[in-house]
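A short worksheet on the structure shown next.
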Amino acid sequence: DKDLYSDDDIAGIVTGLAWTQVGGEILLIESSLSRGKGVLTLSGQLGDVMKESAITALSYLKAHADDLGIDYRIFNNYDLHVHVPAGAVPKDGPSAGITMVTSMASIYTQRKVRPFVAMTGEVTLRGKVLPVGGIKEKILAANRAGVREIILCSKNRKDIEEINPAYVKDLTFHYADTVDQVLAISLLPNQVSRPLKFILPEEKPEPAMSQS
Amino acid sequence: DKDLYSDDDIAGIVTGLAWTQVGGEILLIESSLSRGKGVLTLSGQLGDVMKESAITALSYLKAHADDLGIDYRIFNNYDLHVHVPAGAVPKDGPSAGITMVTSMASIYTQRKVRPFVAMTGEVTLRGKVLPVGGIKEKILAANRAGVREIILCSKNRKDIEEINPAYVKDLTFHYADTVDQVLAISLLPNQVSRPLKFILPEEKPEPAMSQS
Amino acid sequence: DKDLYSDDDIAGIVTGLAWTQVGGEILLIESSLSRGKGVLTLSGQLGDVMKESAITALSYLKAHADDLGIDYRIFNNYDLHVHVPAGAVPKDGPSAGITMVTSMASIYTQRKVRPFVAMTGEVTLRGKVLPVGGIKEKILAANRAGVREIILCSKNRKDIEEINPAYVKDLTFHYADTVDQVLAISLLPNQVSRPLKFILPEEKPEPAMSQS
Amino acid sequence: DKDLYSDDDIAGIVTGLAWTQVGGEILLIESSLSRGKGVLTLSGQLGDVMKESAITALSYLKAHADDLGIDYRIFNNYDLHVHVPAGAVPKDGPSAGITMVTSMASIYTQRKVRPFVAMTGEVTLRGKVLPVGGIKEKILAANRAGVREIILCSKNRKDIEEINPAYVKDLTFHYADTVDQVLAISLLPNQVSRPLKFILPEEKPEPAMSQS
Amino acid sequence: DKDLYSDDDIAGIVTGLAWTQVGGEILLIESSLSRGKGVLTLSGQLGDVMKESAITALSYLKAHADDLGIDYRIFNNYDLHVHVPAGAVPKDGPSAGITMVTSMASIYTQRKVRPFVAMTGEVTLRGKVLPVGGIKEKILAANRAGVREIILCSKNRKDIEEINPAYVKDLTFHYADTVDQVLAISLLPNQVSRPLKFILPEEKPEPAMSQS
Amino acid sequence: DKDLYSDDDIAGIVTGLAWTQVGGEILLIESSLSRGKGVLTLSGQLGDVMKESAITALSYLKAHADDLGIDYRIFNNYDLHVHVPAGAVPKDGPSAGITMVTSMASIYTQRKVRPFVAMTGEVTLRGKVLPVGGIKEKILAANRAGVREIILCSKNRKDIEEINPAYVKDLTFHYADTVDQVLAISLLPNQVSRPLKFILPEEKPEPAMSQS
């Protein structure tokens, strides 16, 4: 798909890799924010495991908002929608976890997603990256789609080493154990050229704020 | 149906094209707004995929309200109802996506919908238009119904080229890759003659507004 | 049922016509309002399609409150209950649509319902009336029940013309294409003799009201 | 059950008559109020139809609160619980309708329920009483339980006339067409000896109250 | 279980008797309160009937808070959790009713539960105690567990009289017809040694309080 | 898994022991807090029993917040997410109870979890620890994973004594009857090196606070 990265100046669009009964496939994760009350909407016929994966990714971001420079008030004053086209194709499994967290981190920071990168890996709540299956099929699909760099869990390195080198010679692999390492690769430091301007209310002036 | 476009001075009524087991069919999407709190109601025996399609269309509009000149407060101060007659016929699938987004854009802007146009195509959250199936059957149905112009995804152009030219000689085709392009065709610049006057509260006066 | 119209000085009671496996039947729609927050309750073992029909009828009324002289605040300060006896009989389908909208319009305006009228027809969100099935059986049931006038969709006129004239000679038929036309026939101009006195809060005084 | 009416100084306890596969049975309806926000709780393994019957009864009372001298604020400041022992026995059907409405009217007015009365009949939202089945079996059960008076729909009179007079000679029958008539028989004019003292907030002082 | 009553200085822990396919069993009901908004949580794989039993017990307590000296504000300012170990064993039926109401009464009053007592019986909303089944098996289980006193419905007296006296010679039986009578036996007059100190907001100062 | 305890400076990560059809397994429980309104989210394909176990653990902590030095306002001003990787593996049963309560206690107190410890045991609402099954298989799994200390219910001591001493010679066992005893072992007295700084609102200044 030659226009896979044509939208690389839009925050929140990230390329994942899925494994289906008919082989590997490209899976785009789209995130968008609109003014609201912090509601999360998931669409694209996502199964239970994939929904939990998205919820876990969002909890991770909320708990690490400071590290990523995300103003905490955005979570409560904007609604997040995560959609995974194509809309009629059921999708499930935890392997889109790092793609989800990258998409959400991009939309909340308005930072650009590195172009020509694809990724696959489960995330846990504390930010560990876990290995996933179907690596060979996913890599072949990435190759066909013009992907140039792949982010994987370190524990999937052995799966790459088992693939015929001819198929991977044009690909650069990044191995990660944590979400921190994933985001260091997957997000560019600069924002998109027309970043969303967040409108945030002042915190209600409390008589006093205490730290427990 | 000779009175298909008799209501062309009402915002929110858009003609889609559906593909059923017995061939192509005209599918009208009706949107209406009433004062409320931003609740979305979907009716017409819509399946899961079609509901997600409507939710995705609405999120797209919310995230691009400025571009369309929609006052953001309308989303939170009016309830949106989208109905797809006939009420007893189950409907599903993502192909009504661009029809949904046109209907919603019309009702929120109160702009007129271009008469004698029908459309079919999936939308994604960032506003891409994806190709859909059943094109031949849909075109025949549009023809029978007096439609004069059709909006489709660019990737459906090949499906049109395979149709016997005799069937499409009276039709004008518009190919789109993005929702922007769809709306540029499907909406007229002027509002309906009796546009809804939105009653909107002032934003609560904040002690200060900050931009993150 | 000789006392079918004995309650004609109560707002919100309207006679519909249903089609069941054992023939046509009279179907009473009852609406009632009580002070609340705008909650809609539907009862009488209504199926999904009939529930959506009621919700669509209510959205239509909300969007056209001004035309009917309904104070918009009533929708948010009163709860609406629509019940369809008999309580143990499952009912479904869209054909009670115009009966629903008449019942609701009567209860919100406190206008009397025209006595000895029955009706059947689907409504859409913009207020179109669509044709329904089982017309012959419904007419026979209306006749037996002492109904004198029938409201139908114009597209059901052909179904009436196919009925043996002996069965319809005592009936007056009104054909409608829109909810406007239905209500012009089904509601009397005057209110019931003991109309509900609505207690409505003043709108919260806004610093300013803007129209978008 | 000799102590069936031993609690006749407690508001909200009313004797209904049910029809089960093994014959007629006494069915006690218990209502209780506690300070809250107007939540309705139904228990006793009630089926859908019986739940709707309870909801309809409550809507009737709310819409006719003035006629019964019920302060409207009670509905919003007290939670209502309706329980039908025995807790493990599934129950369904609309025939407990007038028993429900009597139980609720008693608890909201704190008026005593007439002792040695039992009743069966469906209610509609506008307060009509509809006939129900299983009359013979219900009457036999009432007789066995020491009931002295029975309230029924007028249209069930023929069912009573078909019963062997020996079985009904000790019973007085009251036939009703409306809830008004039912309550005139089933409730005594005086309150229970220790009536609940309702604690009600003043209505929020509005800048102005308008009547539409 | 020798430590069955080792926690007798903790409010809210009460011993019930259950009847399973493999005989009678001890069933502990645990209640706990934490600051909140009056939410009720039930756990321990409770079936529908047992859940309704708990809800009915709570409604009884709320309606009789004054009699038990419970400050009404506790219900709205504390969340109640009722758990029935073991967590993986499904439980159902109404016979834990009086155990539930004792457990809740203990936690809301912080009064001690009488040690070495077990109980079984259904409760109704007005506070009647109904007889339950499996009495013989339950008594044997109580005996084995070191229970010394049993609370039962008066109507279960005949079931006790049918048991071989050798099995019940060490047990004292209390027969009750009402929840009042149950609590008079099951709760001690004094509070636990470290009673929960309830933190309660002042009632919002109303301009005036009216009694209807 | 050599890096099982590499994250021992992160609060809320605790090692449990699970029993599956293919033997014992390590089960990590991850808890995280983010600013919110006290919502609990559970993920990792947890079954009903395991969810109730988590809810019971949280209620225990809330009721014993003072004993653990947890500021009560944290419960209402932070959302808690508990995740159990791997995300696609269904998990159920009550045996993760003490692992859940340790994980939650760690995240709310920000105290470190003792490294090289694993645990298994059901908790009840009052804080009792109940024995669980599959002990032998769980111990073998713990041994393989480099666990050095195990926390169990006292009633599981007999299961340990039946295991071949060769398999347990490198393990230290801690037997507990209460959650208090579990937490005394499982949590270290000091906080993690970068503890979460809780931002808490002052309690709304009440006109007066009363203790009932």
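Going by the order they are written in, the chains are A, B, C, D, E and F; count residues from 1 in each one.
The definition used in the following text is that a residue touches a chain if its C-beta (ideal position, glycine included) is under 8 Å from a C-beta of that chain, and two chains touch if they have at least 3 such contacts.
Quantities reported herein were computed from a predicted structural model and do not represent experimental measurements.
Listing every chain that touches chain D and chain E alike gives an empty result. Chains that count as touching both chain B and chain D, per the definition above, are C. Using the mean of the Cα atoms as each chain's centre, the chain most removed from chain C is F. Centroid to centroid, with C-alpha atoms defining each point, chain B and chain C lie 29 Å apart. Here the CA centre of chain B is 50 Å from the CA centre of chain F.
Measuring from the averaged C-alpha position of chain C to that of chain F gives a distance of 58 Å. Within chain B, contacts with two or more other chains are made by no residue at all. In terms of which chains touch, the assembly is arranged as a closed ring, every chain touching its two neighbours and no others. Remark: ring traversal beginning at chain C, heading first to chain D, gives the chain order C, D, E, F, A, B. Residue ranges on chain C touching chain B, taken from their complex, read 48-49, 52-53, 55-56, 59-60, 62-63, 65, 72, 75-76, 93-94, 97, 122, 124-126, 128, 130, 206-212.
Only residues 7, 10, 12-13, 28, 30-36, 41, 43-45, 71, 73-74, 79, 81-83, 85-88, 197-202, 205 of chain F touch chain A when the two sit together in their complex.
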